[in-house]
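Chain naming follows the written order as A, B, C and D, and within any one chain the residues start at number 1.
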Amino acid sequence: MHIMEGFLPAGHAIAWTCISAPFVVLGARGLKRILAERPEARLDIAASAGFTFVLSALKLPSVTGSCSHPTGTALGAVQFGPGIMAVIGTIVLLFQGLLLAHGGLSTMGANVFSMAIAGPWVAYGVWRLAGRLGVPFAVAVFLAAFLGDLATYVTTSVQLALAFPDAESGFGGAFAKFAGIFAVTQLPLAVAEGLVTVVVMNALKGRRIRVEGAKA
Amino acid sequence: MSLTIDRLSQAGRWRKRAPMEKAALALGLLALALVLPPWPGGALVLGAAWGLALGGARIPPGDWLRLNAVPLGFVLTGAAALAVDVDAQGLHLAADQGRRAALVVLRAAAAVSALLLLAATTPAPDLVRGLRRLGLPAEIAEIMLLTWHFLFLLLDQAAAIRTAQEARLGWFGPRRQVRSLGLLIAQLLPRAMDRARRLEVGLAARGFDGSLPMISTARPASRPVLALILGGQSALAGVSLWLG
Amino acid sequence: MIVEARGLSYAYPGGVPALSGLDLAVERGRRLAVLGPNGAGKTTLLLHLNGTLKPAAGSVLLDGTAMGYSRAALTGWRKRVGLVLQEPDDQLFAANVAEDVSFGPLNLGLGEAETRRRVDAALDALGILDLADRATHMLSFGQKKRVAIAGALAMEPEVLLLDEPLAGLDHQGGKRLLAALDRLARAGTTLVFTTHEVDLAYEFADRVALFQGGRVIAQGEAAAVLADRASLAACGLEPPLLLELGVRTRDEALALMAARRKVY
Amino acid sequence: MIVEARGLSYAYPGGVPALSGLDLAVERGRRLAVLGPNGAGKTTLLLHLNGTLKPAAGSVLLDGTAMGYSRAALTGWRKRVGLVLQEPDDQLFAANVAEDVSFGPLNLGLGEAETRRRVDAALDALGILDLADRATHMLSFGQKKRVAIAGALAMEPEVLLLDEPLAGLDHQGGKRLLAALDRLARAGTTLVFTTHEVDLAYEFADRVALFQGGRVIAQGEAAAVLADRASLAACGLEPPLLLELGVRTRDEALALMAARRKVY
């Protein structure tokens, strides 16, 4: 769920950029280490980023038209780890802003935090936890994608509520408003994404394509 | 599959202008849209961006309207939340009669049009090269340029897979949509990785050692043009403060 | 006419016209080659004939009835008109061959037993029943190509649209594929295929439509259209080698070709 | 012999043998067609001739010297032997044409001025100087193909390896590409190309190596090898149509072909 260009006041835009920056810089460091060992890995990373971008351009027709598709982020978090995903996600968000006018430059810090940091970390955490608890494969995949998606949606609602607190009820009321409005589109989408990701992971397994952390 | 913004930026009237000039113009307007009060500053930025896009860069009005419409739709959905208050009695129109919502919409509309002015006149790779000169690490810049290359190939593949699925009646109905999309993604991911492998072979033949050196094809910015841009932006800021 | 296009016009975003007032008629049971250079819009035409693309002007008719673009209309349309794209990797989605071929029949809402029957029949028609259990990503290019056709065939369409069916196949692979398509045609399926190869059109089609500048500039019996030097030249093409070398009649040419392919 | 392969053997991971004791010799200034069916390992052979793949047994020689696989040796090798893959998208990576073509020269350590000279010369040789500023993803297939060749050519190799150079091109596109390759050959570049089309080998090569089962089963002057029915049949191929139709000499055939292509 992207926050559009210009929607956040300058102060909030700068603050979220500062909050996201360390994650992206650390991710970039990790990426550099990988590239130092295996220079040609930049082709794989770029192909994954391109792939993630394409997912965002594939729309599941939904109630309100197009919406974001973090499916790739959940897949990527599982494949590359959430650290690297912060960098890949940032690149994807930049191209989404520049090629699809989806999101924006000033709001990029906030979007990176919700979609390239919070979402992937939650998806990754759920995936690992489910693995440890012995949750069945399909359920674990669904929960990782579904909850990763929800984490993005809740984070965005928090970001908007912080920027636009309600005149009377303050942050709480504003959060309820934003979360309520976006629930209409985001809850069904989160379910759809969870289901789609299950189909994807099953199909990949069927092709014997290795999925990190998946029990055979 | 072609993306409207890319198509416009590759073939537009400002294609040959220095990326630095276009970036200074559009990003300057974007900054003004954020720091000036939405009224009248945002309105002035909005007018300037639309004037430059339609009159200067000659972006076809139909394309320009469509490009603005999509992000504005999302802006309006978000702004709807600002126009209402929640309290014990439930939802009602905000005490300020939606003034805050209107100002946010105005600011966002100005900022979106400034972003689009940049995006629709400047191919994204030009901007990545600019970021590189501003200190973006070479590895990241190379990954970004490669991402750009892959995404068009993968967009075409995704479109072809979808056409094939629709020809066999996938995508009709919600259950089939979920299954078709899942199968599409599962088909695309290994192909993306396969493309990376094959490109590695292709580049190895030209001496690929990991890095991706290329000659620069950037055009230098003209100082008078930059001065004109900054002057115009200062004037816009001045008028805004004077009117406000 | 089982399929007919009347005055089709279509432009890709950015205003590049791909079709401009195109007319085409396909008789039931025929093999029509849509012949023209690359980039002329042949694929765009096929995508109109199964309703994937909606023309800006003009209409597509099946059995004389102009088709609509509602979901119900498209379902009926695609049931009757199958499409096979050039690149088989774009149309194999499932992990194994039988599962992939069942995609269409299952989407038609057919039961398991009927789906199985159709999958087997389609694989049999393409001569690849033995591949049923194989993983799709392990197949050779030629095998993938035949699985892709089986996927379309399992919906039992009346018309099969094929985009550059022989592209990428070598001599033997092409021979095998043409033999399979020949069996389909004899069993009554109407075939419409695009190609940029004059010799293929001459060899396999009974009717040819010359495609150039977004329009069909000539259509008719293969032998007649392919002997029309002027029209061919307008498409950047030249008459079939056999015609040039003095093999003047189609029968004579076919006999020669048959000797080479040894499959008919 | 500018390039020679002696007893090359190679198996892909999984144990499928692709080359088994292959011998091949290429004389300087020649145009050699490596002719064989799809999946026979022709591409694998090319990847050995520029050192991309390292054989399990046997060696590759340049000008009589067996090549090593150290980084320095490979750099020198690839400077002398350029490779053009079948699919141009597997070779193009940069956002615009000039940048892409400059990649090889810059990897050779050349300065900016010399790189620019080479980029222009390579684009000029392929007749695409006007594309220098264009975005690579907006090019047609035929244009991409020529840019990919320019990318190899800018390294000024002595030998150019081309994998199925005409695949996917239509009549006009093929004509244009062959004309460009003909100019290169006349300027002294040794050409080695793979193909599954007997007619192409007959038309464009002066030497032919028949490839089957991971080995070269016959090599020699094009006219002689292509008249050898038994060897061709072993590869699932048949003699060129022209030969079959009674055009017995190569000169006669070339005259006929030249009349058709109108470019030489």
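The rule is simple: a contact is a pair of C-beta atoms (placed from the backbone, for glycine too) under 8 Å apart; a residue touches a chain by one contact, two chains touch by 3 or more.
Fair warning: this is a prediction, and the values are worked out from it, not measured in the lab.
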Chain pair with the higher count of C-beta pairs in contact (A-C, B-D): B-D
Distance between chain centroids, defined by C-alpha means - chain C, chain D (Å): 31
Cα-centroid distance, chain A relative to chain C, in whole angstrom: 42
Between chain A and chain D, centroid-to-centroid distance (C-alpha), Å: 45
Where chain C touches two or more other chains at once, by residue number: 93-94, 137
Residue numbers of chain A (touch at least two other chains): 203, 207
Residues within chain B bordering two or more other chains: 146, 148-149, 153, 183-184, 186-187, 190, 195, 199, 203, 208-209, 212
Category of the chain touch graph - line, ring, star, complete, other: other
Touching pairs - complete list by chain label: A-B, A-C, B-C, B-D, C-D
For the chain B and chain C complex, residues of the former touching the latter: 2, 4, 7, 11, 157, 160-161, 163-170, 172, 176, 180, 183-184, 186-187, 190-191
Touch list for chain C against partner chain B, complex: 12-14, 47, 50, 52, 71, 74-75, 78-79, 82-83, 85, 87, 89-94, 103-104, 107-108, 137, 148, 151-152, 155
Complex contacts: residues of chain A adjacent to chain C: 203, 206-208
Parts of chain C lying in touch with chain A, wherever the complex brings them together: 93-96, 135-137
Residues on chain A engaged by chain B in the complex (per definition of touch): 2-7, 9-10, 13, 28, 31-32, 35, 39-40, 42-51, 53-55, 57-58, 60-61, 64-66, 71, 75, 87, 91-92, 94-95, 97-102, 104-106, 160, 164, 166-169, 173-174, 176-178, 181, 192, 195-204, 207, 209
